[in-house]
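What follows is a pair of complexes built around subunit A, which joins subunit B in one and subunit C in the other.
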Partner chain A sequence: MTRQAMYVKMITSSLLRRRSRMAVALLAVAVGATILSGLVTIYYDIPRQMGQEFRSYGANLIFIAPPGGDTSGEGVSEAAAAEALSYIPDSAVVGVAPYRYKSAKINEQPFMAAGTDLEGARKASPYWFVAGEWPQDDGFVLIGQEVADTVRLLPGSSFTLTGTDDGGESFSKDLQVSGVVQTGGSEEAFIFLSLSDFDAAIGGNGNYDVVECSISAPQAELEGIAAQISENVSGLTPRLVKRVTQSEGTVLTKLQALVFLVTAVVLVLTMICVATTMMAVVTERRKEIGLKKALGAPDRSIMQEFLGEGLFLGCVGGICGVFLGFAFAQIIGINVFSRSVSFQPLLIPLTIAASALITVLACAVPVRRAVEVDPAIVLRGE
Partner chain B sequence: MNLLEIKGISKIYGNVKALQNVDLEVKRGEWLAVMGPSGSGKTTMMNIIGCMDKPTEGAVILDGKDISKESARSLTATRREKIGLIFQQFHLIHYLTAVENIMVAQYYHSMPDEDEALRALDRVGLLERAKHLPSQLSGGEQQRVCIARALINYPMLILADEPTGNLDEANEGIVMDLFRQLHEEGSTIVVVTHDPEVAEEAQRTVVLEHGRVARIAYNVIAPPIIL
Partner chain C sequence: MFWRLIRGALFRQKGKMLMIAFTIALGASLATAMLNVMLDVGDKVNQELKTYGANIQVIPKEASLLGDLYGLGEDSGAAERYLRESELGSLKTIFWAFNIVDFAPYLNVRAQLLDESPDAAKTGGEEIRLVGAWFAKHLDLPTGESVDTGMRNMKSWWEVDGEWLTDADEDAAMAGSLLAERAGLAAGDRIRVGAQGGTRELTITGIFNAGSDEDERLYVPLKTAQAMAGRAGVVSSVEVSALTTPDNELSRRAAQNPKSLSTKEWETWYCTAYVSAICYQIEEALGDSVAKPIRQVAESEGAILEKTQLLMLLITILSLAGSALGISNLVTAGVMERSREIGLLKALGANNAPVSWLVLTEVLLTGAVGGAAGYFAGLGFAQIIGHTVFGSAISIKPMVIPLVGLLVLAVILAGSIPSIRLLLSLRPAEVLHGR
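Up next is the complex of A and B:
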């Protein structure tokens, strides 16, 4: 048998034949590793999880016509909008709603008509409350609550939209109310038509006045996307909706700081728990340590044995913690964010390494006490 | 030729003089018994001879080298290389089997060798108990494992502290037979004991009282071995 094999034999026998004490230490490490792994998973998943939540607050990036220049006053062309959208990863796009605006009348009452991709608007503005239904076909529209109150329209009511198009010609289009929008904002004074209805009734140059995008990405990434678009795409200006992006960034930073602090506290508690258990183990095994020293064991060997036991506990606890931690993160994700978290393979080596390191650090003081044991205790019969 | 020479050693703990100006010589191959009442300084002398403590004054020369001024690390090395310890309470590691307990001594000394450890167990008549844990062995069997462990690295000096103190008569006989065998093979043995019958087996008995050598008795039955 080699020295290494004997070393492993001594450590494993010590752990396996003193199960109850080691089970306590292992439990402490496993709980610490579980919380570490779980919270780190959540820490990195919070932007994704909360990003989805924040998307409920509507668009966080808009494209508008560039100020001045040749294209001033002509809006954002479809080509420019499509090019700009190509800089946004598909997985991050929650919804895109391009808008064309034109003043129009119902019963001689002036309102603002907005032509948009209604499905895109629904995704980009999930906070809109619609009494009735979202329009499914051409000829059906959404009207704001203010419009509905003014001209006394309800879902299912028909009306005629009139006005003057860009060419100075009068237009008139019969439409039916599909739903009434309540947002608490300026949208309540709008009439929302599909782009095809808008173009058919009002016409225009085919450009958009504004394109609203709801992007699921952290503030820094969003700023990067905006900068890229600004640099590479002519014919539009990207603008971050700072009210949304900044508050999103602030909340995320605070949440991540909280999770970081909790993780740090848990790690310190784990270390204290493991150190206390190992201290008890050293006290319990003073006679055995004394015997080993009496047999001629150098301090280095005593240290290696205890650190080996600590390392073993750290690795086994870490392995348990990886999987239990993912389950823990999954439970939190589902119960708090109503979404599942994704497994990060990198967490396997990280959690095991962190658990091993913490356990070895926690063993430092007990090991120091172990090497100070006087070998003469074996002769005193203590 | 002397294996061990103790020259005027004293050991003082605060106001307590555990040993006072003790002189002693142990020849190679000699079997020496150390007797004395509790508090006479036997354990202190064991600690000093066993390289687990240093005298306050005086010199301890083991195998021609003064170990009284050596560092703790150097004493550990001397203990590992030159001394085999046998304890009254056996002190086997409870989570290792009999053969593994012997291999632990090999592990700290040089290289574990299971075959050699099994031969050592065979020598004390416990080959068939090699894979048993200490809790599965009787007191006498545990003491025999302890003796096998003490012998495994071929020590110059076997130091036994009350080796039969916890044994019944039958096991005491087995253990004393082993000591006689070792003595006949030329091992140097120092036995600390309360038991006059055990002391009588040695060639010479040193009686300590109040930290001093009170008297030395020679046993006529066991002839001294002169190498």
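Up next is the complex of A and C:
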């Protein structure tokens, strides 16, 4: 039997013979590795996941007409808006809502009519509270709470919108209220029409007054996108909604720091826990070490054997931990954010290496101490 | 005799017991830190979310938001209505006063930039929106408390080039970046502004960039605005930043109509910091006012708070489970080692019950020492997290003590009882023989 074969046999039989104890050690290592890979996955995914949540604050980038310059092309043309949007990665866009405004009247009371892509507005401004339904068809509109109070309209009631269109001709259009919007802000004094209704009734040159975009990206990236757009696209000015972007940056940084620190504390404590468990498991075997020494085994080979066992435990525990940890992160992702987390391939070697290192170190300390003691004393049980 | 045995065991096996105590301490400190942080994270994140500014707007009854919109409505001759400045202190006397972090009153005045400014190059005659506000106002309340509040805290995202206004400096103003660009203003300039109530010469202390339509306005101290508008002691709106509880079905129903609730529901609603309940109480405190939640802020806060709390809860559960397994592992290992001693005791005629008690008492004593040490270490960890992340201390919740105690107890029992039973089932002769 070669030396290697003997070595492997000793390790495997030692693991197999002491099944229950090894299971305990393995469990400890696996739990440690699970916590490591789970928390690190969450830590890396927090900005993405939380960033999505922060989109409930609504638009963070708006396009408006360039200041001054030629007054002929008022507003943002459809082509310029499309060109600007092409600079934003598709996956980051949460919602885009172009708006066209024109004052109009209901029962001779002045209000502001806004033509928009209602589906886009719903995505870009998820905080709108709509009593009733979002409009599904042309001819149905959303009205602000204040309009509803002033003119006494309810979801389901009809009204006539009148006013003068861009050409100076007066128009009137029959519309039906499908829902009443509450926001606590100026939107409550608007009448929201679909773009096709708006065009049919009021007309206009097809340009938008403002395009609101809700983009899921960190502040720095947003600034980059805005800079790129203002450089390459003429006919509109991108502006960041400072209140939203800046505050999101502040809060997200804090949250990430929180998870980072918590992760660090949990990891350190877990690793110490794993190490003490391993130490306890190895310390128990002082007798075995004594016996081997008495039989003439050199210190080196005893060390090697124990470290081999530790390495094996660390690796197996680490591999279990990688998958359990990812499963755990996935559970958090789905329960908390209703989205799956992304897998970090780099975590596989990292987790395995970390758990192997910790187990080996934790074994080394008690083995060394046991090896140094005279075998006779150990065997006598003192 | 019992105690002598225990004392003997504890001191003879100092190293081993120290290790168990140490692991328990680690687990307990982890549990303490995580529980404390988790229970406080809601408040802390809520504070952080205040950077989004006000979540409640108070306006006079029957006033319209229309004035806010592109200047529309200001010409419509709607009767102008105001809130009384003298009543604002009572915002801090409502039931949820403690939850009101900041508030700032505003008075909108239509004014003109006049031509005959000292620096003739400035454009003049332009219609501008002048807003009077509190910046960092010190208020002494009738209750004997004092408050510092104003928009400076509420507009944390404003970039100010120059200095923020102070409330005492009545001849100063702050201009929005768009207005400043159009009129060619810079910090230090002097301008003349005229309005209904008179003309005034103002020094610009700073240019701010707010990234919204506020950039078109000129801000002055409230007193100045009142003088220029010729209306003393009034404000046109108040923005309130309050810590709130996320909305649920009850609060939504209450927001629609508080009278639809039963007495009991009403009490629950009134005594919970729902945004609708705070609005209701503000309306009670300020005469003829309407308080509206700004949904963009109020709604989003709720969502983010809930997510953060849930996230921390799950992380806490993970770390608790991890440390519980670790401790119970070690306790099992510690008890199993005692097989010879237990065998000897049994061989000497001890019954199962006293032997079990002996081992359990030992482990529990070790656990108590470890748990106590761990609790205080955990408080330290929690404070480190609080200070590094939020820059403020995590409040220590007494309810964590029984929780950690129960947890440690449960984990120790779970770790030792099965192994004790196993040991008792062994035959002393075999154990002593060393098999």
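A few points about this structure:
Everything that follows uses one rule, which is that the second predicted complex is superposed on the first by the 278 of 382 C-alpha atoms of A that agree within 3 Å, B and C clash if a C-alpha of one lies under 4 Å from a C-alpha of the other, contacts with A are read in each partner's own complex, and residues count from 1 in each chain.
The criterion applied here is as follows: a contact is a pair of C-beta atoms (placed from the backbone, for glycine too) under 8 Å apart; a residue touches a chain by one contact, two chains touch by 3 or more.
Just so it is clear, the model here is predicted, and its values are computed rather than measured.
Ranking subunit B and subunit C by residues of subunit A touched puts C first.
Once the two complexes are overlaid on the shared chain, A:Tyr127 sits against subunit C while remaining clear of subunit B. Look at A:Met303: by the touch rule set out above, it reaches neither subunit B nor subunit C. Of the two partner chains, neither subunit B nor subunit C is touched by A:Leu357. Once chain A of one complex is fitted onto chain A of the other, the partner contacts of A:Leu269 are limited to subunit C, with no touch recorded for subunit B.
Once the two complexes are overlaid on the shared chain, A:Leu240 sits against subunit C while remaining clear of subunit B.
Looking at the shared chain after the overlay, A:Glu188 reaches subunit C, while subunit B stays out of its contact range. When the two complexes are overlaid on their common chain A, residue A:Ala200 makes contact with neither subunit B nor subunit C. Remark: subunit A residues 21, 24-25, 27-28, 31-32, 34-35, 38-39, 42, 50, 53-54, 56-58, 101, 103, 110, 112, 125, 127-129, 146, 182-186, 188-189, 239-247, 250-251, 254-255, 257-259, 261-262, 265-266, 269-270, 272-274, 276-277, 279-281, 283-284, 328, 331-332, 335-337 touch subunit C in the complex. Listed in rising order, the residues of subunit A touching subunit B in the complex are 1-3, 5-7, 9-10, 13-14, 16-18, 287-288, 291-299, 301, 374-376, 378-381. Residues 16, 19, 22-23, 26-27, 29-30, 33-34, 37, 41, 45, 48-49, 51-53, 56-57, 64-66, 68-70, 72-73, 76, 156-159, 209-212, 292-300, 303-304, 307-308, 310-312, 314-315, 318-319, 321-323, 325-327, 329-330, 332-334, 336-337, 381, 384-385, 388-390 of subunit C are the ones that touch subunit A when the two sit in their complex.
Subunit B contributes residues 43, 46-47, 50, 52-53, 73, 76-77, 79-81, 85, 87-89, 91, 93-96, 100, 103-105, 107-109, 111-114, 133, 149, 161 to its touches with subunit A in the complex.
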